[in-house]
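Shared between the two complexes below is chain A, which pairs with chain B and chain C, respectively.
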Partner chain A sequence: MSKKKTYEAEDFSHHVTSMGTYFAIFAALMVLTALTVWVAFQDFGSLNVPIAFAIATVKATVVVLFFMHVIHSPKMTAAILVGSIVFLGILFLLTFSDYLSRFWPMA
Partner chain B sequence: MSEHADTAHPALRHHFDDLNQQHAAGTLGMWFFLVTEILFFGPLFFTYALFRSGSLDPSFQNAFIAASHHQNITLGLTNTIVLIASSLTVALGVYFAQTNKKKPLVLMLVLTLLCGVAFLVIKGIEYNQHFAHHLFPGQGFHWDGAPELARGGQMFYILYFCMTGLHAFHMVIGIGIFIYILMRAMRNDFSSDYYVPIEVSGLYWHFVDIVWIFLFPMLYLIDPASKH
Partner chain C sequence: MTTDAIDSAQTPRHEEGTNYINAEYGLLSWLFTIDHKRIAILYMISVTALFFVGGIFALLLRLELMTPQGDLFTSDTYNKLFTLHGVVMIFFFLIPAVPSVLGNFILPLQLGARDLAFPKINLLSWYLYVIGALMGVVVMLLGGVDTGWTFYTPFSTTYSNTWVVPTVLAGFIAGFSSILTGLNFIVTIHKMRAPGLTWFRLPLMVWALYGTSLIQLLATPVLGIALLLIAVERLWQVGIFNPALGGDPILFQHLFWFYSHPAVYIMILPAMGVISEVIACFSRRKIFGYKFVAFSSLAIAFLGFLIWAHHLFVAGISVYSAMIFSFLTMFVAVPSAIKTFNWTSTLYKGSVSYEAPMLYALGFIGMFLIGGLTGLFLATLGIDIHVHDTYFVVAHFHYVMVGSVIMAYFAGIHYWWPKMTGRMYPEWWARLAALLVFVGFNLTFFPQFLLGYLGMPRRYHAYVPEFQVLNVMSTAGATILGAGYLLPLIYFVWALKYAPRASANPWGASGLEWHTPSPPTTHNFEDTPTVTWEAYDEKAWLKEAEKNV
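What follows is the complex of A and B.
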């Protein structure tokens, strides 16, 4: 929007994701949302929870890759994100191992 | 002012070499913040997993199912759609900033804010229904289901209010951020050379959207067809 064009030394260029991609991602997220609701009303036994979690993870991955541009970002970004999820996993693992290996007298 | 002030981009801060470095540093910093956010929400998800799995008290499995039947799936689904739509408008806002289209950019930011407010209004309607049905945990909590599931039912609503409350708090912050971004967009602060603030605010907004993507099945869709 600025009319000053005196800084050619800095030629700033970033990947521009097209509008079509954004709308396609939105459509995919809507389909996956519908799938989330449909799956919840089916009886897959003990698989219901893993399926719901898997769909949510796919949705989150799509948002991260395209809306948050990780697919076109430096690898460092993905490394930081994956690293944080690994640490969340460690947090879950160690805390679960504590809770599940204790004796809890239930009233 | 440095000696190349006449040629430097007006948006370039003096401690960066160029706009590319400034952009990379800005987004990287935001990602580090989001990492702390993941670990901030993490313990709530852990607590949910611990109780929902029935690891501590097996009756909590059925109690969570029974409690979630008080949830309004239609409102929860509407909010999911509203929030994903707002993520789309944020993403399109970045696109219009990158392509120097100010009017569509302002429109996208306004739509994002409207979606954010709509989400909070719907959330408020839901909270109101929970209060009316005495589902807010504490002294006034009233459980009309099987008495042996009352403890687990109350635990579900403790987690529900903590998780959706923390999420809604993030939405309020996000709305504040986007009001600021909208004001800056209206006074022509952004261009295809400089849109880091929109990009990083967008990252935050998408993160909040992702939290909700996980909360929706966890809090509204626990075996909705069962008879508990």
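What follows is the complex of A and C.
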């Protein structure tokens, strides 16, 4: 196969995800949603927010990877995804450089 | 070799006289066009209208400030005037001006492409912009808004009794226009470059637009969220920013400036791209240190995201955080200085000519130097505490956003006007206008550095009498500046009908946009061009043109 044909094949073919995978992801999301609701009624003290964030992150990750097909997309798509997360990280990191080092007289 | 040879080399095979302007007729053909060049013209008309609206607010502000006492407007009206001036000029003129007008028109031409990657999304961008702008106009007619263009909380969410929610929604909608433009440009640059047009053969305008688009795509959503949260807190009293409801007002400032500082680079980066094109053309030289200038655009785009809290030094952020942001802010001066040094080095031993675009470009370098260096003053914690919220800050950001960006916008409009309209413009009048803008601008804003250093606070309609002389100078400058901005409007309209017709390459410039007739056909190029020369390599370009004669 020539180089050009390989390129075209990569460019225009789509990975077809099986129905089984979609249902499995859907089931996982439902379980995680139930877990979110259950967690909301428990008191884990200072871990309340981190636990809620962790579950939400897992849910978002499977949606992005499977429902949005990023797992089967070209590397460029992954690079854009990672780049966006890096910039979100900058927003959080530098904002917290203020919040975590601020003088809180009430505390 | 003359530009005639280039013209004949590039003589197209399309039907004589047919171009993107006369390909179709009627208002609807413009309102439903998906041609990037026509959409650029739509943007040009819209942003020009909004520019003069914002300009009228500016002149009213300067008129009030001629005398120490508030005699024309009440303090409330004055608050609304400077808010509307800022909102209109930033969201509806400066942000879209260079990318959406010049970028839209030039980018596909410089890439040798027929259009942007998503032409219909391009039209959607314009409609979103217009909807946002019309909402802004409705707000003005209803009585305005008085929060300042920064919408600081909790004033905007709790205490202001003006039209805050419609204004933030207008900004939110216009933001989506900006996001879609950025997305369109990035995909176009990645996917639609002509054969042979490698990354390092791209004109520097393209690199600049790429950096701009990254910022538009990554930062604008954060502004959108911050603006929506204002509406949420204001309408439903959800405690996000108001301390009385359990919120934190500085959180808003973090979110707002995470966008609004990089937004300065949405304005200045494409402006720098224009300057690179103009300097190369009118110096008859390749840009000195091409790769440094190209990568400095990306460096500015990245570093622009790390420095937002220098706007918050006296707002109550921690000392530790202030030190970090002060330190990081210094870094952005490096790529900016690289560009400035390289433009200057390009001029050295160049065959420099002083057509109007070049006058604006030279003006840009001077203005940007002053604007940029005073930015370093403000990034220094100790000085910032002294001059914070004074006219020093007003002068600084006007040197960057008006003295630099609008100078570059005018440089670009004059430079590409022959390509856009197929007509030249009256050179003598254009040079006069450039001179008026330069003199008027400096007379308006240089005294404001002194006023700020002496302690005159911004955003007040009255001041102590000893500041009057400098304020009168500033208002006199604003009048000259207004004339300088009005003059091009008059001669450009005149030029559309009466100016001499432009050849395909009236400046003898390199770049693919000059490989097609003026004005171009709807599809830009008869055949997709193949690029075999390096960027700004005029000799190779001319050789190629001669070969085709």
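The rule we apply is simple: the second predicted complex is superposed on the first by the 83 of 107 C-alpha atoms of A that agree within 3 Å, B and C clash if a C-alpha of one lies under 4 Å from a C-alpha of the other, contacts with A are read in each partner's own complex, and residues count from 1 in each chain.
By definition in this document, a contact is a pair of C-beta atoms (placed from the backbone, for glycine too) under 8 Å apart; a residue touches a chain by one contact, two chains touch by 3 or more.
Keep in mind it's a predicted model, so treat the numbers as computed, not measured.
Peer 1: In the superposed arrangement, does A:103 touch chain B (first), chain C (second), both or neither?
Peer 2: After superposition on chain A, A:103 lies in contact with chain C alone.
Peer 1: After the superposition on A, what does A:95 contact: first (chain B), second (chain C), both or neither?
Peer 2: both
Peer 1: Once chain A of both complexes is superposed, is A:22 in touch with chain B (first), chain C (second), both, or neither?
Peer 2: Touch partner of A:22: chain B, not chain C.
Peer 1: For A:44, select first, second, both or neither according to whether it touches chain B, chain C, the two together, or no partner.
Peer 2: The answer is neither, since A:44 touches no partner chain.
Peer 1: Check the contacts made with chain A and report whether chain B or chain C touches more of its residues.
Peer 2: Answer, by number of touched residues of chain A: B.
Peer 1: Between chain B (first) and chain C (second), which, if any, makes contact with A:84: first, second, both or neither?
Peer 2: In the superposition, A:84 touches chain B and chain C alike.
Peer 1: For A:63, using the defined touch cut-off, is the partner it touches chain B, chain C, both, or neither? Pick first, second, both or neither.
Peer 2: So A:63 only meets chain B here.
Peer 1: Going by the contact rule set out at the top, does A:36 touch chain B (first), chain C (second), both, or neither?
Peer 2: first
Peer 1: Both chain B and chain C contact which residues of chain A?
Peer 2: Residues common to the chain A contacts of chain C and of chain B are 76, 83-84, 87, 91, 95, 99, listed in rising order.
Peer 1: What residues of chain B sit close enough to touch chain A in their complex?
Peer 2: 6-10, 12, 18-20, 23-24, 27-28, 31-32, 34-35, 38-39, 42-43, 46, 49-50, 55-57, 73, 77, 80-81, 84-85, 87-88, 90-92, 94-95, 98-100, 102, 188, 190-194, 199, 202-203, 206-207, 209-210, 213-214, 216-217, 221-225
Peer 1: Show which residues of chain A lie in contact with chain B when the two form their complex.
Peer 2: Contact set of chain A toward chain B: 1-2, 4, 6-7, 9-10, 12-14, 16-19, 22-23, 25-26, 29-30, 33, 36-37, 40-43, 48, 52-53, 55-56, 59-60, 63-64, 66-69, 73-74, 76-77, 80-81, 83-85, 87-88, 91-92, 95-96, 99-100, 104, 106.
Peer 1: State the interface residues of chain A toward chain C in the complex, per the touch definition above.
Peer 2: Checking each residue of chain A against chain C gives 76, 83-84, 87, 90-91, 94-95, 97-99, 101-103.
Peer 1: In the complex, go through chain C and note every residue touching chain A.
Peer 2: Of all residues in chain C, those touching chain A are 190, 218, 222, 250-251, 254, 258, 305-306, 308-309, 312, 316-321, 324-325.
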